[in-house]
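Next come two complexes, and both contain subunit A; in the first it sits with subunit B, in the second with subunit C.
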Partner chain A sequence: MLAYIIRRIAYLVPVLFVLTVVVFTFVEMLPGNIIDTLVGSEGVNDPEVRKILEKEYGLDQPVYVRYAKWLLRAVQGDFGMSLVTRRPVAVELMSGIPATVYLAVVGISLSMLIAVPLGTIAAVKRNTAIDYTAQVTSLIGISIPEFWFAILCVLFFSLYLGWLPSSGFANPFVDPWASLKFLILPAAAVGFRQAAYTTRLTRSSMLDEMNKEYVDTARSVGLSEGKVIFKYTLRNAMIPTITISGLQLANLLGGTVVLESIFAWPGIGRAIFEAILQRDYPLVQAGVLVLGCIVVIMNLLVDLTYRLLNPRVKLG
Partner chain B sequence: MTELEARKFADLEAIRAPTLGGRLARWRTALGNAWHELRKSRTASIGAVMLVLLFGACIATPWITTYDPIKQNFRERLQPPSEKHLLGTDRMGRDIYSRLLWGGRRLVTIALLAVTFGLSIGIPYGVLSGYFGGKVDTVAMRFVDGLLAFPGLLLYLLIVTLAREWKMEGIYNDMVLIFALGFAFTPEVARLSRSSVLVEKQKEYVEASRAIGEGSFAIALRQILPNIVSPLIVNATVRLGYVILIVAALSFLGLGTPPPTPDWGSDLAAARDYMETAPLIAAFPGLAICYTVLAFNLFGDGLRDILDPRLAER
Partner chain C sequence: MAETVPRPVLELDGLTVRFRLRRGDLTAVDGVSFAIERGQTFGLVGESGSGKSVTAKAIMRLIPDPPGEIPSGRVLFEGSNILDKSDAEMRALRGRRIAMVFQEPMSALNPVFTVCDQISDALRTNLGLSKAEARERVVELLSLVGIPSPQKRLDSYVHEFSGGMRQRVMLAMALSCNPGFLIADEPTTALDVTIQATILELITSMIERLGMSLLFITHNLGVVAHACDRVGVMYASHIVELGDKREIFANPQHPYTVGLLNSIPRLDGHAKYLTPIAGSVCNMMEPPSGCKFHPRCAHAMEVCRREIPRLKEIAPGHLAACHLHDRGTA
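The block that comes next holds the complex of A and B.
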């Protein structure tokens, strides 16, 4: 197992290399150079000043030297200054992470609470009305664009019924009740789509397990159906479900840009989106890098957990 | 030439140079078989019918729409559905029905091209990597891992931003999207085709081809490739739905094609401002996206059951 962990961590090197190169190239490929971006629309007309600035930012050096220097600083958490707020990019990004994690974790938990029972019932009562309803609902769930679902929720619960605020955020430690009200709609929008995936997955892995021989054995020694399902099959069926949910959580941390923008949720996704609109490219660059790293590390953790939960998987 | 040889020769000729009639007949049989297979799965048949309607509408758009999708008419703003405007008009008095169809035509074309692009790079990459194995395979797959780990939406955000900064508009913007979405599909295709190749290359027909002296490239692409297409077809179908969701999401955020080009995502975003007074405007593009993605998902799901009978028993 240790050898596997080491090898798996070594695999991170090429992954992170690709990630950093893509993110670095992004800024390199912007039209003009960093000085135009920094100075803004007026531009620098004096060639002397320009030369000094270019030297200061290291633009007279070859690309790979600049990449190495940039990487060295990034590793130390120095991503430069935001062009809009003039505060360090790292500070701007860090302030968004708690909100994003909060939304993603609540959304995933909500989806598991709905999807696992629903998927299990659908599998146990296969080919009944319950099963078909669950299947059709989850298929629609993965086909609905999440931003549209979010808009419909806002339309119904905020504008029509007036029960919940349409967007915003409150700190759960300061005002838990208000925070909950702000949380419900975004979490439901995240949870609905995830629940659709997880229901399908739980159902199919339950069916896989229920076809195995140990189930017949358990039944033949006289165990009750409930015991067979809850004590044996569901436990085994949960392995892939938990794994995929972990991967989904990683993706959510990296990709709730749309929902965070709709609900004015002060997370890292919205920070990146607003930075794009305001052309605050150091922030965009650092944000994508940080989210990418989070996703990569989450994937690693999920992978390792999977091996722990399921020792039969060949370590290959 | 003996009679037997002559007949064999004629058979070979028939295979090599089929007549038009022969070709049509073969196509008819193939289509007939396909339909017969499709009917085994209810999901696949529903999906197929939905897709035929969708593609039909996309092809026939110029003939079944009556209004210019970008022509504004402020006298007829925000109208409810009527005989004149089947689905009503938007905030600039443009006919929603025409905008939906033209937007869909564009969206479906982008999705098809992107997925085709992804397949056309990913398949040779994966097949050759899996077929040659060894060091080539290891290096090639590490690279794919790096790309696979990249969160999709973030990559698109970066690329779309670049396109905006370089002031790419219209067709150029669409081409960038197609390239980005297709490129992002490549690693998945490469992995999938590689793993199928690893299974296939152990089989006897590969050995047989090698025995009669075929080259490695020829075996990999001519013999193995046709045997691994079914998982790829399923994957590509589902991917089409995903690509449509992503394109719609990007233009919903205002990072896709700029107005006035008809686009489901940006039309939906614009309709948000009129949600209280004219909620229907936001309903139609949303429903259109749903319908399209659902069609691809249904078809893909059903196809998977048909092509992998082990799963269909469930």
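The block that comes next holds the complex of A and C.
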């Protein structure tokens, strides 16, 4: 088991290497660089100044040299300074992680709390009004673009009703009440969409499982219908649901760039997004590393959970 | 006719089960009647799709509705009609009074719960045992059905058992709450040939030891010969012949039963070739008119095409549904 986990984490090395090479190349291919950002903002457009700045930032060297230098420092744990804020990249990114994790975990939990009971009931009461309502709602959830739903929520709950702040963030440990108010809309936007997928998945895998013979066996020994469905059948039906939700969580932890931008949520997605806009190479590179780690580790966690849920699976 | 017990354990009276499918209605069980006396083993024989398993599920009230429905008939279990019972009354019956062993133990047992979890849940629900008591009882049950070192296998999952062992677990689960009546739906069909006899032996010895009655569903007449007292032969949703085992084997009255018996390989060298029944089972969505067997029957007459033959007593306790007997030609 431990050997398996270590091997899976070792996969990170090639994954991250390829990832950083690709990202480094892509950012290089984008028109403009950090000098444009700086020069443009400071109103200076002197070729001489530009030359000096480029030398100072090391941009006069070819891309592979810069990548090699970056890599050499990165493996020693030095990710450099943000070109824009001049603060260490690690600090910049780490400050975004809690907010992202907070939103992702609350969003996924919300979606599971809605989707699993709803999908189960839809399956049990298939082809009834409840089922159709659940199905149509989840179809809407899948079809509506996330950002549009978010903006509608802001319009309705913030501008029209004035119940909730339209954007912003408060530390839940400092001011839980304010934090909750900031959290509701983004979490609902995340949760609604994820719940839409999860409901459909839970429904269809419940329908599959309910046709299996072990369900009749459980009934044939006199267990109550509630136990048959919610214990014996749901546990089997949850195997695909948990897998997909874990992958969804991995995605969300990578930062919901669009939602974080709409709600001015100070997460890692927004940090990387802005870094790309400003051609802040060190921040982009380190951000991608963090995302790569998150995805690989989340996949590992999903596999481990899968093993817990499904005893037939052997890891190796 | 050794049985003199006044009331049968189970009595089916004109049981009909219909499925309303998108392509039309399918009558899977049509007017089936038979009775099982206390302590008796009743074999229900027929090909796949003849309605045997549906009959079993109807007795357990496990027919999904929709699409299934039971438009007519009664299932009298110890005198009261199962079909009239509430869900709660039915739950009280299941496990404690009637239990069932399914054909394929791999799919009939839950893959994500340990054997102990599954069996002890039944024990705790039905008998109100504590967790520890239930665990102890599961050990007893597993050793009762011949699982070696049950203590060690308690927390295993179904996939960790071999086919024969799985069916033993299934049997342990069915017997867990001391039901008086057991339905075994092709319990040996999915097993390796070498294991089949062992499991069959186990079931019959358990039944005898615990004084239970058994409805044994099979397509295998050899199994019937070994295990059953009385036999019902089903073809295309109807019971076509009903009688004591000896009568059925020695003196079969329905052409279908005769056909089935002729297609059993014999080891005593009497027949060089097997005689299969001509044709194949009819399509139940569009069953033939009259006697369902007439398209395959060598003795088919005009009347067979028009009228469904009724079960008639040919000898005491021996019934057959065939027009041949109307004319006294049998």
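Going forward, the second predicted complex is superposed on the first by the 247 of 316 C-alpha atoms of A that agree within 3 Å, B and C clash if a C-alpha of one lies under 4 Å from a C-alpha of the other, contacts with A are read in each partner's own complex, and residues count from 1 in each chain.
In this section, a contact is a pair of C-beta atoms (placed from the backbone, for glycine too) under 8 Å apart; a residue touches a chain by one contact, two chains touch by 3 or more.
Remember, predicted model here, so these are calculated numbers, not experimental data.
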item: Subunit B versus subunit C as contact partner of A:224, first or second or both or neither; value: second
item: Which of subunit B and subunit C A:30 touches, first, second, both or neither; value: first
item: Subunit A residues touched - subunit C or subunit B, whichever exceeds; value: B
item: First, second, both or neither for A:235, with subunit B first and subunit C second; value: second
item: Touching partner for A:310 - first (subunit B), second (subunit C), both, neither; value: second
item: Touching partner for A:213 - first (subunit B), second (subunit C), both, neither; value: second
item: Touched partner set for A:52, first subunit B, second subunit C, both or neither; value: neither
item: Subunit C-touching residues of subunit A, taken from the complex the two chains share; value: 212-214, 216-225, 227, 232, 235-236, 239, 309-312
item: In the complex with subunit A, residue positions of subunit C that touch it; value: 57, 60, 62, 87, 91-96, 99-100, 102, 104, 107-113, 118, 121-122, 125-126, 157, 159, 170, 173-174, 176-177
item: Touching residues (chain side subunit B, partner subunit A) in the complex; value: 142-143, 145-147, 149-155, 157-158, 161-162, 165-166, 241, 245, 248-249, 252-255, 268, 272, 275-276, 279, 282, 286, 289-290, 293-294, 297-298, 301, 314
item: Residues of subunit A touching subunit B in the complex; value: 11, 14-15, 17-19, 22-23, 26, 29-31, 126, 139-140, 142-148, 151-152, 154-155, 159, 204, 207, 251, 254-255, 257-258, 261, 272-273, 276-277, 279, 284, 288, 291-292, 295-296, 299
